[in-house]
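After the structure tokens below, expect a handful of questions from me.
Here the chain labels run A, B, C, D, E and F in written order, and each chain numbers its own residues starting at 1.
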Amino acid sequence: MILADIISLWNSSWPAGLTMLLLGLGFAVVLLIASERLKVLQDERVERVFAALPNINCGACGFAGCQEYAKMVVAEPTLLGKCFPGGQKTMERVAGILNLRISNSHAPKRPVVHCRAHTGDRTYLAKYSGIPTCTAANALANVQACKFGCMGFGDCKASCKFSAINIIDGLATINYEKCTGCTACSKTCPRELIEMVPFKYDIMMTVACRSQENAKDTKTFCKVGCIGCRLCTKQNDAFEMAGNLAKLNYKKYQPGETFEAAMNKCPTGVIVYRGKGAQPDRPAEQKPQKEAQKA
Amino acid sequence: MDRAYILIMGFLSVVIVNNFVFTKFLGTCPYLGVSGRLDTAFGMGLAVTFVTALSGILTWLIDFYVLVPLGLQITRYICYIVVIAGAVQLVEMYVKKFFPPLYKSFGIFLPLISTNCVILGLCLFINIWGTDNLLEVAVLSTGTGFGFAVAICIMAAIRENLIMVDVPESLKGAPITLITAGLLTLAFMGFTGMIK
Amino acid sequence: MPVPKQLAVMLSQHIGAICKPVVNKKDRVTAGQLIGSADAFVSAPVHSPVNGTVKDITLCSHPVLGRAEAIIIESGEDNQPRRPCADKFGNSFDTGRFSPEQIFDAVRRAGIVGMGGAGFPTSVKIRANPSSPIHTVIINGCECEPFITCDYRIMLEWTNQIIAGALLIGRALDCKDIFIGIEDNKPKAVDAFRQAVKDMPVAAGIEVVAVKTKYPQGGERHLIKSILNKDVPAGGIPPMIGVLVNNVATAAAIAEAVIFDSPLTYRPVTVSGSGIKRVGNFYVPVGMAAGELIELAGGLTDDAVKIILGGPMMGIAVADLSTPITKTSGAITILTEKEIGGSRMRGKETPCIRCGRCIQSCPVNLNPTRIAHAVKNNLFETAGQYYMSACTECGCCSYICPADIELAGLIKTGKIFVARQKKLMPK
Amino acid sequence: MFNKVKYFIEQSWLLLVTSFLFGLLIAVADAAWSAKVEQNKAEKLRGLMASLISDANSFEIAIPAAQIPSDKGPVKTDIYKAFDAQGKCIGFAFIVVGTGFADKIELVVAVDARCEKLFGFNVLSSNETPGFGDKMKNASFSSQFKGAPAGKLSLIKIGDSGKIDDEIVAISGATVTSTAVINIFNRSVISVKKQLQEKGLLTNNGG
Amino acid sequence: MAQNIIVSPSPHIYKRHSTRSIMLNVIIALVPAMVASVIFFRTRAVYVISSCIITCVVSEWLCNLVRRQPSSLGDLSAVITGIILAFSVPPALPVWACVIGSAFAIIVGKMVFGGLGGNVFNPAMIGRAFLTASFGMLMTTWTVPATIDKNMPTISPANPAAMTQATPLAWSKQAIKARNIEDTSKKVTTSVANSMLRSSFFGSRGGCVGETSALALVIGGLYLLITGTITWHIPLAVLISAFVFSTIPYLIDSTAYASPLFHLMTGGMLIGAFFIATDPVTSPFTAKGRWIFGIGVGGLTILIRTLGEYPEGMMFSILLMNSVTPLIDKFCKIIPAGGKPNV
Amino acid sequence: MADENPVKVNYLDALTAGLWRENPTFRLLIGMCPPLAVTTAVKPALTMGLSVIFVLVCSNIAISLMRKLLKPHLRIIMFTLSIAAFVTICDLYLRAFAPLMSEILGAYVPLIIVNCIIIFRAEACASKNNVWFSILDGIGSGTGFTIALCIIAGIREILASGTFAGIAVMPRGFVPWAAMQMPVGAFVLLGLLLGLSSLLTAKRTN
């Protein structure tokens, strides 16, 4: 009885099974040939990035499938984070592959803004009522008295694909937790205030000023500008003078007491720490000596 | 009725009146995903047109000459999908090897769409419509793909403009695209009844 | 007009290489003495307008010419303001006395730069170049920007001098076709030139053309279109089609330089606008602070809100009144809130309604709204596809836009940005 | 060669095995359920026919694969004969198609045994706009066909839809659909009548 | 002194007009048609127009509120949307339907795209299309104008007391449909439709609230042209192409197809050509693009009127051309004077 | 898929992720066709949802079982094959036991084969995890999808016919909005709902 049933079932279903088998066979041949013939030599990173993507070819990234996106993102790291379905995790993995995060081998470059003047610290000659971008404002002379400092319209912020820059009270401030070091901001700032600095440590010291004006002008223009007094250079030779401005030579960067001393000696407090978890800047008015005593 | 007339009307019908995206809601994922830029959208449209034409014809042939005579309709879906995927891959290989410029303009989209709704949907609808001659199948398949191409190109041009306007943050991307598509279907309603 | 106490003469008064200072701090200088030498070909030397002492040589920023060294001169007691020399030009005049070389040398020595605004060294422009010969010279007397009248004044008062300059340019380039283009809202100037041409036998070949009054008629490509009905290639310059355009003041300066060998240290400047107490034209030494000139004109009114170096369409707004006058600054315009308009004062744009007015108004046939919006959204490639680089920054589009969008400003920003990106590229 | 085959099998055996297994699986499912599917279809058709010919008890195919004209040329369909409880033939029913406003319309049409009066129609499948053409399913439109003469019908725009005659009042706002339905009747009923007559299947005197 | 000095990019002077003044001009130009509508449809017109305007304004205000934006009502564009929507619906449309249509027009047609300037489609036409799709019956029920032209035929001899009456376009559609009917007793010819030309000119005919009076619309249109609010390209292109495309069938069979003049005067043709197709936001901005757009609108309108299912095609043709406007803009790039720069 | 850090096995998470955090329709934007096509009324939407759950679970099981044996170039085809087989079975079942729904859904049942959700789950989950995890994942995502379908269908049905799952819910004088049953309604409603969902997530992450 049961046997007969099974036999009849078999009889009625083997053609379907056979068709499928044939199809499978044909397909296996095609794909095998395809996979052998079409092996294209590729950047090994592309393969790895591709492997990290969800591979559903949804097109959400705006490219023709995951393979294409992998290729593009390797070539242009700012495209990171376009994979919608993959979300945060995929982005992190891809970032890992492309070394966009801090890796141990060499110091990753991170941006620092060479200005620390907030709105209240600056002198304004007039009200700017034009296009609210730094590039536009920079084309005019008198947006603010200081022709070197941050204007705070946030072109850099707009260029950062990782929302790592905030304009805090008129000053571009980098959130080092989010920054991937993609250099977009440093290419954008029309005043070239953002420098990519090798972050050997989580926190790095920097001279947060770019003003080439003489001491008198700098003082009238800005409460916290570098006045070129050379005090820092006397503490540590990593500090060098470039015209009216002190500069930190990061090749000689080796934090220590003399560094701290240089920082504390600076009368206007332009030497500051930047990086993950750096202390807030010293208020502009405070006398440096007092600060040193407290510390 | 005149044969050519039927063919032309059939073509126009699937392009404008019964556009697959607007009335059958097929291929929505690439329609949302790849409509960001006009050149990409155009390539995608070309690729879809090509693949619909190819797979519409192929699956119809298989259905008509193999599956129905042998009484194997139950394996229809599997056959369709496998045939489509296989054919598309073969063609992709071929184009890539022998027509590199062509491959650049639309070949890269081929793998993206081989397992896509429009294609399988078209094959199924051709089956449902009960079309019984190859020429008609070819015209309808091409028309369907062309309809998709038209729809996605219009959308891409619109979206290229939309990036320059202040669309609410939460509606950016897929939501606004869907709404625009909805309004497009309203506009396309004007063609109803023009083609029987 | 008194000679100012102190001058800040920028060592970069022009497009091209910055001059080297040839005087030192505390040196005494005399009027007309060379103080900045130009070694590069595309450059123009700088001279002291007054007798005095060099007080300092310091970096100084200028809104138009950028940051360069300036020589600060404290003027001495013995100064007489310089007088225009127009009355020395009579109806008889002979260009044959000068060879093209001589003219070139004189112009070069006098440090003449384009006074129509761009500040390109004139010597370079009038140097005959066999590979692209100039067949037509146009003297630009349009002065199309509202408020500015200094060119008009000199056209009336220095008519013969300008014609002499035009002839000298023609002589330098060995070119017979000379046109003087004047907007038809200045009929007196047109008549003055027609009369002068009739009176001066050597000037018989010069044609005085009254062109339509329509901003930016004074832009060289529009002027050439109006007079010769020729198009300058987009992004190109007139010499490409064999035409040279010079401002009337430049022509006058050339005449003075060649005939009297005197350097360019003074220029006519219009001070106007309803924000100034006394509107007028002044013959001003280069290096004078804008603020001082404004004081001469009676000072600012209480409702003045904008100080513009140049005219209201293309000038640059400044706030720092110590900004020095340069060879290129033909005007200072002071505007009040009423002239600017309330909504624009606030700098608040509203959404573009795609009305297309900016497109219709653009004299070079661009699509300003597209370019500006692309720039706003950082789509510089798109902006390039709409020929951003061909924009002459005339400002017509911003002027007309009902939605108060700073189209010209955005386009300018985009050009700056792209230039910057290009500069960064090789790295 | 052997190596190649071996490599191939190594790479692809899983695909081959699973495709075979899946083939069997669906075949089994089909074997188990296909009867039910057929039955569903038959029941649906029967249900539709029965709702038109209210006294019908059983149906049987009168003319298999008869040719019935439609606006796209003739189509093949079975003509059913309906019997009442006593086994008397009380009518005929058949499926016809036509082009509506949006897409194909498929109707089940029933006529009485003498092919003189209509029993009406039921919609087998259609894709008309809801709120417009879709209203053809409503009684207010379809009941006009119940008892109408099996001859040429015509469409009027305004009239009394309660009156049963050869004038059918259109669904307002959906003239196209209404026309399509009437065309379906006008084309098919006469042709069916002729075919039935030819085969001598019409009960002429109520018998 | 520094306090009141401002700096900003050039230029520093501007033409004295604004979005608001342009919109105000459009509203002024719509006044004659509004007066005409009140004359012909009395209180119905007042209800419809006021409910549409109020809903549009309130919806826009609500959207601003939700997005925490400053109010954008000042630009008056919402008022225009309300008026145009009201003008393009039948006078008998109930107030609740006006409210739904206006809300849809503003919210889905405009505000989701970011408000003024962002929308792809004409908001008023989107509202109307939504109403047509939703409440087809209501949108094709026409009231007789209060001041009826006695010569106008009523819809059906069978029902002489009907409150509704066919519009001229409906008659012309009937004529087209009757083209192949042999039975002469049922034949409708265009002579009926053509006889309505006079009443169409002044406006005493059935139709949408604001479209009936050709005279009032032309006055408004001329006002727009004279004040430079719109350019002449689109209206001219629409009218010319409609004229040309309607002449062709008219020459073939003048008893079935209405005369070109008829097509220009009836339906939404004039209001569409002067007020709707010219909506700057949703039409191309180059002169060449405007020509293409206008020709498309005119041609499609006539195509739908003669071949399509609907008696009127203005709305659909405008929406269709709106949808390709970005494409037109993309391909009608203007070449700068002096040729393309090589950079 | 070579992966350095193994996916953490959290069964509860597998079940709940698909409901909202990784809801296929509202969050991942995949498989967008059915939410537009089969949502004119609640009943077909529900049927569709259940079918998807069935296919998802079955294919997840099958793929999870063979995940160790997959060859890279045959991966996708294996997925497609299993999915197509289960869809065929599902289709047969519907035709046999829910003929009305089968008719309404028409071609959209076989179209489940190419629905991106299923292949995505196969790739992202089943081919990397054990069977139990895959089952839970299938149920989770499937349910999320079903809920999304029902929300959309509910709103459309109420506005377009004044009913919910066939039961009249609107007051008597309500004039149905026919547009909601047309494509416009589907697209615009889904667009607005997506906007709402991204608004909600934006709020939550802030």
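Everything that follows uses one rule, which is that a contact is a pair of C-beta atoms (placed from the backbone, for glycine too) under 8 Å apart; a residue touches a chain by one contact, two chains touch by 3 or more.
All of these numbers come straight from a predicted model, not from anything done at the bench.
**Student:** Going by the touch criterion stated earlier, list every chain that contacts chain A and also contacts chain D.
**Tutor:** Touching chain A and chain D alike, sorted by label: B, E, F.
**Student:** Which one of the chains is farthest from chain B, going by Cα centres?
**Tutor:** C
**Student:** Could you please state the distance in Å, as a whole number, between where the Cα atoms of chain B are centred and where those of chain E are centred?
**Tutor:** Their C-alpha centroids are separated by 34 Å.
**Student:** Where the centres are mean C-alpha positions, what is the separation of chain C from chain F, in Å?
**Tutor:** Taking the average C-alpha coordinate of chain C and of chain F, the gap between them is 69 Å.
**Student:** Measure off the straight-line distance from the CA centroid of chain B to the CA centroid of chain C, and report it in whole Å.
**Tutor:** Computed from C-alpha means, the inter-chain centre distance equals 60 Å.
**Student:** At what distance in angstrom does the C-alpha mean of chain B lie from that of chain A?
**Tutor:** For chain A versus chain B, the centre distance works out to 41 Å.
**Student:** List, in ascending order, every residue of chain D touching at least 2 other chains.
**Tutor:** Answer for chain D, listing residues that touch two or more other chains: 11-12, 15, 18-19, 22-23, 26-27, 30, 101, 131-132, 176.
**Student:** Indicate the residues of chain C shared as contacts by at least two other chains.
**Tutor:** 316-319, 345, 347, 351, 406, 409, 412
**Student:** Do you know which chain F residues sit against two or more other chains?
**Tutor:** Expected reply: 29-30, 73-74, 77, 81, 84-85, 88, 92, 116, 119, 176, 178, 182, 184, 188, 191-192, 195.
**Student:** What graph shape do the protein chains here make by touch: line, ring, star, complete or other?
**Tutor:** Looks like something else, not a line, ring, star or complete graph.
**Student:** Please give all chain pairs that are in touch with each other.
**Tutor:** A-B, A-C, A-D, A-E, A-F, B-C, B-D, B-E, B-F, C-E, D-E, D-F, E-F
**Student:** Under the touch definition given earlier, write down the residues of chain B that touch chain A in their complex.
**Tutor:** These residues of chain B touch chain A: 29-30, 32-34, 36-37, 40, 43-44, 70-72, 74-75, 78-79, 82-83, 85-86, 89-90, 93, 96, 108-109, 111-112.
**Student:** Looking at the complex, which residues from chain E come into contact with chain C?
**Tutor:** Its residues touching chain C are 1-2, 4-19, 21-22, 75, 77, 114-118, 231, 280-281, 283-287, 290, 329, 333-343.
**Student:** Taking the touch rule as given, give the residues of chain D at its contact with chain A in the complex, in rising order.
**Tutor:** 8, 11-12, 15-16, 18-24, 26-28, 30-31
**Student:** Help me check something: in the complex, which residues belonging to chain E touch chain B?
**Tutor:** Residue list for chain E touching chain B: 67, 108-109, 112-115, 117-118, 120-121, 126, 129-130, 132-133, 300, 303-304, 307-310, 313, 315-317, 319-320, 322-324, 326-327, 329-330.
**Student:** Which stretch or stretches of chain F touch chain E in the complex?
**Tutor:** 175-180, 182, 184, 188, 191-192, 195
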